[in-house]
Each structure stands twice: as C-alpha cells, then as structure tokens.
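Lettered A, B and C in written order, each chain numbered from 1.
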Amino acid sequence: MEMERDRLKSILESLLFAAEGPLTAHRIREIVGGVEKREIEALLGELGNEYEVGGRGFRIVEVAGGYQLRTPKENAEWVKNLYKGRPARMSRPLLETLAIIAYKQPITRAEIEAIRGVDVDGVLATLLERRLVRIVARKDVPGRPFLYGTTPEFLELFNLKDLSQLPTLKEMEEMASLPSQQDPSSEQR
Amino acid sequence: MEMERDRLKSILESLLFAAEGPLTAHRIREIVGGVEKREIEALLGELGNEYEVGGRGFRIVEVAGGYQLRTPKENAEWVKNLYKGRPARMSRPLLETLAIIAYKQPITRAEIEAIRGVDVDGVLATLLERRLVRIVARKDVPGRPFLYGTTPEFLELFNLKDLSQLPTLKEMEEMASLPSQQDPSSEQR
Amino acid sequence: MSTSVKLEIFEGPLDLLLHLIKKNEVSITDIPIATITEQYLATLELMQTMNLDVAGEFLVMAATLIHIKSRMLLPAGEDEEEGDEGEDPRAELVRRLLEYQRFKEAAEELQSREILGRDVFARIPDSPEHNPTVVIEQPSLFDLIAALRQILERFPEERVHEVVLERVSVREKMNLLLDSLHQRGRAIFQDLFETATSRLEVVMTFLAMLELVRIRAIRISQEEGMGPIMIELAAPLGEVQDRMAKEGVGDDGDGA
C-alpha cells in the first residue's frame, strides 16, 4: 500500500510519541507495513530536521539502536520544574504500613514489623516526614517503645471525615474478595 | 522577563510532552513564570491548531481540567500496534455502571443496582481497580454505605474536560405522558 | 455464586424487557403487558433449556410482570392495593425502564467518545527519578484496602506444610470467637487479638472472623465518631451453631 509522505510522517510522529522507549526502524516497519526501512529513516531525518529548524519542543534522537522523541536541552530548565512539588506518591510498602497503622493504632514499630514481616524503618520515617503518621504515646512495656497513629493529614489524603469512615472489616472483605475474574461479563467482548 | 512567542511555544510543547498527565494552565504558569494565563491559553490554542492543520501526529486536548498531548484518532490503527496484547476493552456492564455513577454521583452501590436491575459487585471492583471510580464518602443513612464518584482518570479516559462536558442525559420526557388510561381491555389481544 | 451468569446479550431483566419492547415496536409508556410477559417468560424458559443459570433478578421480574398483568385484568376500582386507585399498575415498571434506558444510552455515548488507549494515545513518560516499584498517585481508600489484602495474601506462605493444622486452627478460632462473644456480648475488634501469641495466630483469628462474617454469624459495626470497631453475634449462639453445621463449617467433620 502506497502511503502519502505527509500521512506517513504524521503516523511516525504518533508512534514515536506514544512509544514507551526507543523504536527501531525495523519495528516501525513492522507496524506501518509496506514501507522501506530506508524510506522510514529518511522521513525520520526530515522530521528531526523540521523540529530543529522550527525550534520545536521535541527532538528526534537516535538512542539504543532506535529512535526516540525527547525534549531539547535548551528547555530542560523548565521541564525539570514539572517534577517539582508533585502530589504525594505512595509505594506499596508505604501503603501497606499505613494500612496497618490505620487499623491497628496505636501500634509499635515491632508490632508493625511482625505483621509485615520486614523491617519498616525507612517506610516509617517517610510516613512521619509526610505527616501521615505520628507518635501518639509510649507503650507501657519494657523499653517503652513509641506507639504510632495516623494524623489529620492522613484523613485528608484519603478523603475521610474521621477514622470511623475507614471501611469496616466486613466491607473490606466484600471489596477485597472481588477479583475481577469472578465477573465474567466485565472484561470480555 | 519577556519571552518570545516562538520560544514560549517550544517550551509549552516540551512541557506537554514531558508531563505525566494533563497540565493546567495554572501549573504551566507556575513553571514558566511571568506569563499571563490568557497568553498561555492562546498559545496552546495556536499550537493545537498548527497540529491539526498540518496533519501532525499529535493533538492538544483539554481534558480533566488541563491540557494534554494525544495522538489523533486517525492514527489509532497504527499506534495500537505498539501496545499489542493489552487492549483497553470496556464491556457493556462496565460502561453502564460507569455512566450511572458519572451522572448520579455520589451514589451508593444499592442505588446503582436499583437502576441496573442486577448486582454490580464485580463490575464495581473492576472500576475501582482501574481507578475510574472511587469512594468519595459515606451516606448518612443506616449502614452508612459508601458513596461512589468518578475520578480524574475517568475524565482522561473519555476525553472530558470536566463533568459538565458529559452529554446531557436524554430527558425523561416520556415520563410526562405516563399511561393514565385505566382501560385494561386494551391489553387483551 | 452463579447469579452473575447472564444470558450473553442481556445485561439483566430490564435489558431483556427493553429488547422485547423494541422487538414488538411498542412504546415503553404503553406496554402490552400480556404479550411482553409471555415473551419474557418464554425467553427465561429458553435460557433454562440452554442450561443457562437464570439469575434471581430475572425471576423477580417475572413475578413482577405476572403481578402487573393480574392487576391490569381487574376491573377499574376493584384494585384495592395501596389505595392508588388511578395509577396504572405499569407505572413503576415504566419509570424503571425509562431510567435504565437513559443510562444505557449514556453508556453508548461514552463508548463513542475518543477513548484513551483505544482511539487516542498519550505518552507514558519516563520520569527522571524512575522508580521501579509500583507507585500510585493520589492513593484512594480502595488502595488502602488492597494494601491490607496484600498483607493477608503474604501470610499463607507459612501454611504450605501446615494446611491441616491451619484448617483446624481457623475452625478452632471460629468457635473460640463465638464463645468469647457469647460471654462478653460485644467486643472491641482489637481486643479479640489480645491473646494472640504469634503472627500466625493473628492471621488465623482474622481469617476466622472473616469466615464468621461471611456466613453471617457475627456482625461488625462502628460507633459514631472515632468509635472502635465492634463485634457481636448476629444471632443467639445456638442458632449460629446450627447454621454453621448446615453450612458445613466450624465442625471438624467427624461429628466430634
């Protein structure tokens, strides 16, 4: 199938844009079909040139044996700012620890570790730093370890009015026992 | 600092390209500094127009309260091939449930089920897992059931700027003309 | 449960009714109830002969249709129900059908939009501080629940070689919990874990509790405000034990 050059360029742009990593000319050829590798390389060269001459916000770079869209160096200063002050991100260990503290507060670090089966030093520090948990008291046992509990910021993050709004065990069971494969109608078709 | 329009456009392109989700004009303004929101919106409009007229491989869409680069629909056929093996299928139960939640939020599971006439356990779990709906609160009735609402991801998925962009529901105009004739004999064939 | 099995094309009784109404080219607001009921029942029968499990909601609707039909046959005025003399017996059904239809149409509208990942694609950027662990932006309550589930999922590793022991123990725990609740009346969730001496035991107690909730032997509730999670028997102990025996849970299988 013969395709117009401009049409092909548009498709190449879309592919480079949406790809998760560098795309080889070979892979592009597989996708568009019926176009010579040499032609693809020529078009990518043209595109890259247009970006550069036009002072656009992307460049085509050859990397790891493939082609990739990237932002030009002269815009780096601004692009960097994108990653500043992003909303709080939560890793799984963080969430799990938070869940344990939320449901079992007040709780000591040793008790959290007994449940999680791994040490939670770093995670706990992060949670404290983000003000999602706090030290609420000391436990009256030898060593008098700290007891941890959640903060108002925790409620805010999860959009809870108060702790009583946490799902009850029953609701938890209802929701957690709903793997999507149990519903034959939801995924197929 | 006064910046050249073309330079600014290049930076806008880079920002949209590198962003992890839709960018609000407000956020862009924070990043570039010293530029009016109105100006940013105008430039984004120009850029979007250039892409469209030039038949480029991206479009600027207004979605979930911000701006985002996306590939145009006419290139979908090719771009799809980049992601072999993970189609984002939306089944009818999923879509119906989502529609009900979108229009009637906040809404409880029982209320959704009353409308659909079938239980929505599995479907709701899938929607929660896909982060298309979320628990927004509890309803102040006995049992304090969860109230569900849509997420920004929902808006992104369906290319909606905000909830007000949902197509208006067909009015229940027929309700006005409910059958009132008490002539059961019209029933007998 | 098999109630989620649906006749492929019909999402539920309302969907089936809309289909029949369309097929017969009649108006939703003036359903020829006899005809539609007949066809509805015929469809259910077909489903059954095809060995499809007819979900409960289909049967409930069948009963509703038959009820409406019988009311339509009554001469006007003899219908005593609810005292709503002037109301068409079909009115409530019509209201439900219209409402369902609206959302069916809305779903189709959604379906026809430019869907991300189907019609249009955005970039999946590799952020500078690329993090290999699963990262969730703006976690929701559901994430919290999922996290807790993951904790529970990790525990079973211990039971690989202790399957029998564990089963016995959970049963044992269920009975212990019931006894304890019988004595105390109500208990605070955390207190029920007080006597646990190992991680395994905590999990067992937790599993036992979930199982008891599942068979509706116990009830879990929360007070207003910052109140603790409270646990209590859902019925008198004897009744609960009968139910457990019937369900085949809680006993050791040898009648002991």
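As a convention for this text, a residue touches a chain if its C-beta (ideal position, glycine included) is under 8 Å from a C-beta of that chain, and two chains touch if they have at least 3 such contacts.
Being a predicted model, the structure only gives us computed values, none of them experimental.
Taken as a graph of touching chains, this assembly is fully connected, with contact between every pair of chains. For the pairs B-C and A-C, the larger set of C-beta contacts lies at B-C.
Averaging Cα coordinates per chain and for the whole protein, the chain whose average falls nearest the overall one is B. If you average the Cα atoms of chain A and of chain B, the two centres end up 20 Å apart. Remark: chain B and chain C have CA centroids separated by 27 Å (rounded to whole angstrom).
The centroid of the Cα atoms in chain A and the matching centroid in chain C are 31 Å apart. Of all residues in chain B, those touching 2 or more other chains are 17-20, 69, 71-72, 79, 82, 92-93, 121-122, 128-129, 135, listed in ascending order.
Chain C has residues 4, 6, 11, 121-123, 127, 140-142, 146 in contact with two or more other chains. Chain B makes touch with chain A in their complex at residues 6-7, 9-20, 23, 30-32, 55-58, 69, 71-72, 75, 78-79, 81-82, 89, 91-94, 121-126, 128-129, 135-138, 146.
Residue ranges of chain C in contact with chain A, taken from their complex: 4-6, 11, 121-124, 126-129, 131, 133-151, 154, 189-190, 199, 202, 209-210, 213-214, 220-227, 229. Every residue of chain B that touches chain C in the complex is listed here, in rising order: 17-20, 59, 61, 68-73, 76, 79-80, 82-83, 87-88, 90, 92-93, 95-96, 98-100, 102-103, 115-119, 121-122, 128-129, 131, 134-135, 151, 156-160, 166-167, 169-170, 172, 174-175, 177-184, 187-189. Residues of chain C that touch chain B in their complex: 3-4, 6, 11-15, 27-30, 32-35, 55, 57, 61, 69, 72-76, 86, 88, 90-91, 94-96, 98-100, 102-111, 113-123, 125, 127, 140-142, 146.
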